[in-house]
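Structure, as structure tokens:
Chain IDs A, B, C and D follow the sequence of writing; residue 1 opens each chain.
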Amino acid sequence: MDLTCTPEEEEFRARLRTWLARELPTLPPRPDPLDWPARRAYDMDWQRRLHEAGYAGLHWPEDAGGQDATPTQHLIFLEETEAAGAPYVGAGFVGLLHAGPTIAAEGTAEQRARWLPPILSGDQVWCQGFSEPDAGSDLASLRTRAVRDGDHYVVTGSKIWTSHAEVADWCELLVRTDPEAPRHRGITWLALPMDAPGVTVRPLRTLAGSTEFAEVFLDEVRVPVTHRVGEENDGWRVTMVTLSFERGTAFVGEVVACRRTLRLLAKRARKTGRWDDAVLRRRLGRLNAEFTALWRLIQWNVSEAAHGLRHGGTGVPAEGASVFKLRYSHARQELYDVAAAVLGPDALDLTREWTRERLSSLSYTIAAGTSQIQHTILAERVLGLPKGR
Amino acid sequence: MDLTCTPEEEEFRARLRTWLARELPTLPPRPDPLDWPARRAYDMDWQRRLHEAGYAGLHWPEDAGGQDATPTQHLIFLEETEAAGAPYVGAGFVGLLHAGPTIAAEGTAEQRARWLPPILSGDQVWCQGFSEPDAGSDLASLRTRAVRDGDHYVVTGSKIWTSHAEVADWCELLVRTDPEAPRHRGITWLALPMDAPGVTVRPLRTLAGSTEFAEVFLDEVRVPVTHRVGEENDGWRVTMVTLSFERGTAFVGEVVACRRTLRLLAKRARKTGRWDDAVLRRRLGRLNAEFTALWRLIQWNVSEAAHGLRHGGTGVPAEGASVFKLRYSHARQELYDVAAAVLGPDALDLTREWTRERLSSLSYTIAAGTSQIQHTILAERVLGLPKGR
Amino acid sequence: MDFRLTDDQEALRAGMRQLLDRHFGPTALRHAADPLAHHAPNAELTRLWAELGAAGLFSLRADESAGGVGLGLPEAVLVFEETGRALLPGPLVATHLAGSWGLVPGAAEGRVVVTAMDAGRPSPDVTSPPGGTAPDGMLVEHLEAADAVLVVGDGEVRLLETTGSDLAGAVKDGEQAGSPPAAAAAPAPVPVRSVDPLSPLHRVVARPASDSRPVAGDQEEGPGARRGQRSGDGVGQEPGDGPEERLPTVAGRGKWLPAVDVPGKWLPTGDADVLRREAGVLTAAQQLGSARRTLEMAVGYAREREQFGRPIGTFQAVQHLCAGMLVRAQTARSAVYAAAVTQESEEAYAAKLLADEAATSNARDCLQVFGGMGFTWEAEVHLHLKRAWLRAEQWGTSAAAEERLAAALL
Amino acid sequence: MDFRLTDDQEALRAGMRQLLDRHFGPTALRHAADPLAHHAPNAELTRLWAELGAAGLFSLRADESAGGVGLGLPEAVLVFEETGRALLPGPLVATHLAGSWGLVPGAAEGRVVVTAMDAGRPSPDVTSPPGGTAPDGMLVEHLEAADAVLVVGDGEVRLLETTGSDLAGAVKDGEQAGSPPAAAAAPAPVPVRSVDPLSPLHRVVARPASDSRPVAGDQEEGPGARRGQRSGDGVGQEPGDGPEERLPTVAGRGKWLPAVDVPGKWLPTGDADVLRREAGVLTAAQQLGSARRTLEMAVGYAREREQFGRPIGTFQAVQHLCAGMLVRAQTARSAVYAAAVTQESEEAYAAKLLADEAATSNARDCLQVFGGMGFTWEAEVHLHLKRAWLRAEQWGTSAAAEERLAAALL
């Protein structure tokens, strides 16, 4: 039960803070959120700076060009960058957190040499083509077909919830190569160049009115077999390897930001007089407990992940991840419901950041495994209850 | 959408009020809650008075000795008796609300003549032997065996959650007569004399510390075949007939009492200063809305039941019954949680009525179909969702 | 006692549903909500209003002698439930009140569009935060399309004319706390980007508190007006509000018209409360309609959508979500219908509270059942959620209702 | 940073679990809770205390030089989690504090039983209802068995001796509002029929407010004592309390002993807050242990119990109840352990708040999973619920914690 950092970790934190203090003032102004190319440029500029300063691929293995940092260092990095108001990973997300680690773990030497350096340096952007309209929670039921034709796969189908598709160079794509095999056994992982003929990107408007996601339509797109990572029909396992890279750090920045929002809410309520509403005030107090505990839960998960990695395991156990996701999703939605109570009728004003966050928070109990599925995971895999029928 | 009473109904109400005003002051003092024989005597005295005044078996058919009152009259009766603080049906419950109506509907002329009059007059008390330790929510899995031996059934097994078993004359008993048949098809309904050799009653202590329920152990008890109501192996249907007698009035008295408790809570909170706690105060306000709506829901269900009965149907539809039960169970538990908040540390004092009610309210989401089962009923039978596996 | 709907009531409801299917069915809804469709919402509203007027929506409760339909609040509630179900846009409640009470000529026929402002304060014994008003000003729906604004205050009802008036010119967001606008140049209403794409909003910007007192004197007052009282128990008193202390009041350059000057029925003091209560019950009816619609949508989707090789409606987790939605809707129904029948204040608060909760929670649960598909703009469900949020702020918030219902227990 | 338990900590916890299995296993629990068993709870507590003392439960954090174990609050939290899991009865927290802080001779060894009263008031800026005290008086657990009462007030800690003292004679319920007891005959503590059969309670009856002021002057005061202040921000100020206005204060005929007179460590002003915070964290640890135990019980039952031809744990409704219990328990765990490590006030409030909620809600959900069987006295689950209710009232209620945590945001 040690929550103190080692001298090395403290030094890492101090060095990072110094660097952030020097670097952040030199950043260009934030781009218009609707201008995707400008956003890509901004995010990649930041990634280039991280790369030059030695912070790129912090959690990647050294032989893939990363820093092989411990989960604790990664936690510190995310905590400090968020606290300092540094840019978010943005367009670099899929490359740095999903596709990159997958290629690092499962790719050939040639594939690693080709794809990893531009991710780290901020030269290439990846997006993700996993979900499909009919394969949401049940990802393994995906139907996008890839048919072998000589040294190419011919891919036809559609993907949904792809962010940064408009500006991505590559897409990590899951396709079905064997329709006869059991669901998980006929899936293959491909790197799709987004400029290939037959790729159409259509922006997808969410309920928040924004278009940060897109649908990607694939019409007989030819992908060279050399773009396949892992064996044919082994894509499910390959993808799971990526997911197991999660070290409990996925929501560090968000929780830091939520705690900041919570303080702002209290101050705003005090200013408008709504602080005198004890019901509202006590909801704020309860959220303070909630996010305090969630922060500690992150530290617990990171500790578990670090221990696991030291002993040859991978990432954070299912228990910690699902417990955190369930509790955090709910807390985040409650946070923005409380924000609406603080705003009163002004919560109906869509130009308010808290109102927009309230809308986007609605996806938290759905995306990346619904709350219902998380409960089932905990019940069956962690608590060992008999499998439901 | 008519909530007014007819002149006849208003007259019924006025007559009842007059009678209650005259009768209630002449009642003997309430007995010690632990003295079962005294409680039986008190409850039966009240039943005798009702009988003499023409209020016994209000909702029973006339040819069974009842008054054939409309569901609305029954609602008025229950509302007025509760409002006046009259005794509850008590030891008469099973006879008047379950066993009696079953016998009235399914019994032979001889059986009706034998068992119905003493129920109405308050001379005989019935208890219920349905539940078993291993057959809770899944009542149809009951295992108490009855083997035919000449003109008797020989019954062996045990029953649980039997109230008034210590002082009952008869027990309406469900037994398994055909262990080979499908679960619902091998059950038979018997009237068991509680003084038969082989019947042992053991008080069951609930978590509230009280012993209002008992376990009934049956060791080769001989029950004459003439005590069977309905055909052999047809007991499930016979029992369901009883249940369908529910006309939406089952909780009238309780909801009237809850609304009174709510006002008392508000007054107590005002007196102790806890009223200044806005969180508590607004919970009380919300409960006011809740019980107002529940009262209207009862009126809706009673209206539906009355309509159904006028058109040859039976009782209140599943939708209304399950919606009411789910919402009421939750509201009642919340009521006594709020009562605990009003009491503060004094809620730890078991001599407080509200504390005891808080404990007993815990059974509401379990007894007579758990909340989980009610949700499934609504989903599958009312909303028509496909059956779960 | 027969709480069920009469055959006439059933027929009225069915007729309204058919009418709305015709005039504002799923296609029209999708078109109205399409952010890329360049349509003219005000013109569309005017057309819709004429159709609704012809169908009697606004004259439903006016006397037959006055050209109305002569029905009661229970019938109005059934009709408004259908409007909530269809997500029909526009200031329906305000125009209905104006038409049925004969407050604004042409309202009953749908020739004019009337919106409203709830400018009343909770009673002084309610110590909770103000219900329905923010220190920053009040939000009014469909102001641009409206010909008149019904201002329901404390014990008085006033009418603000907008036709051809000064209210048209909008200024930029008036929230510059440091520089309160001078009384001489009180800002006109400010358009707000509404969370509900079908309900345009304007903020009626507040005057500085120092500027508020003259309102009571320098305006023509109807009998029983108690505007001066506002400064005694209003928002301005909230501690911590120091330099920004402002009173919500209509600050447009339009003139205040006391109701007595308006042709039609004059509303004496007590009737403002009646109007506000009716508005609350009708809004609750719309919430109820929405709650029942999202239940229908969730059930329909759960039956069709397959995941893991079976309809998601076979999973208890989904089944029980849907069952919970049903319980909320039917409980709210019993409260809303009862409030319409009894017209009692306590019942009306219960109805609004439970219907608000049913509409918002059912929309959220529906979204959960729809999963990712519900998160797209194309799915109707988010429109229900947003409208439910909007209505929850109108004609009495949950907080205010809970306080009133608590006070009623003493 | 490694938040996980060290091997030593794991061993300590396992050792404690074994010890408790031996000295207070399921059979002992059932016996202690049996309303028909004629046992001598005080004698049993004395025996248990000696065993726990020998195992170091009460001296865990005392310096090794003082005969203690020399461990820290994290270790104490692990051990107390086990006591909560086992439903171990007795004023464990109070005796542990007395023993580890060296406040009462013999406490560390388990030779004396020390109970406690939380006589502190929420800070003046907290406007919520009083946390932990009722107008009718304070409830003290195991007073009869106790040799001393630790009174944790505002900035001071006092000790009330009970051995052979006047506290022994109990009078009947002192709640005759009309006749406040005269100061000369202040009533002795009144036994209360406790909802938790394993935690006997006494109400320390309040003095009339008019009688309270002299307390500050006519008693020997320790340094830093601020008792007089109580009448300034105490319960007596609550409006509507009119004729019954009373201050909670120890009104037994036992004499007040300022801590300075007691052998052992003297507690300066600031330490009362430390003591209260530690008591809160240790109580939260017990709640956590209970929450994890009821989770275990629910899972075990759901695996075994069959209904409709299959284990009830195959139903999603039951599965998700259990998963929710796990989420609550693990979230509370992270808060409780962090509070033990950081010893910060805000973390301590969060820990108590979340652990109270986990213990009470998990016990209720466990009961739901058990169905009718859980409703019997024989099922252990109700004992967890009742104890959780009791602990939720001790050392800071949820309401008080929420207010503190809200204030900390500003």
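Basically, a contact is a pair of C-beta atoms (placed from the backbone, for glycine too) under 8 Å apart; a residue touches a chain by one contact, two chains touch by 3 or more.
Since the structure is predicted, the reported quantities are computational estimates derived from the model, not experimental observations.
With chains reduced to the mean position of their C-alpha atoms, the one farthest from subunit A is B. With C-D and B-D as the two chain pairs, more C-beta contacts join B-D.
Subunit A and subunit B have CA centres that are 55 Å apart. For this pair, subunit C with subunit D, the centres built from the Cα atoms lie 50 Å apart. For the pair subunit A and subunit C, the distance between C-alpha centroids works out to 39 Å. Subunit A has residues 270, 277-279, 282, 372, 375-376, 388-389 in contact with two or more other chains. Annotation for subunit D: residues touching 2 or more other chains are 128, 315-318, 320, 399. Within the complex formed with subunit C, the residues of subunit D that make contact are 315-317, 320. Residue ranges of subunit A in contact with subunit C, taken from their complex: 131, 133-134, 136-138, 141, 160-161, 204-207, 209, 270-277, 279-280, 340, 343-351, 355, 359, 362-363, 365-367, 370-372, 375-376, 388. Per the touch definition, subunit D reaches subunit A in the complex via residues 1-6, 9, 74, 127-128, 295, 299, 302-303, 310-311, 313-316, 318-320, 322-324, 326-327, 330-335, 337-338, 340-342, 346-347, 349-350, 353-354, 399, 401-410.
Interface of subunit A with subunit B (complex): residues 277-279, 282, 389. Across the complex, subunit D is touched by residues 1-6, 9, 72, 75, 262-263, 265-267, 270, 278, 281-282, 284-286, 288-290, 292-294, 296-297, 299-300, 302-304, 306-307, 319-320, 323, 326-327, 372, 374-376, 378-380, 382-389 of subunit A.
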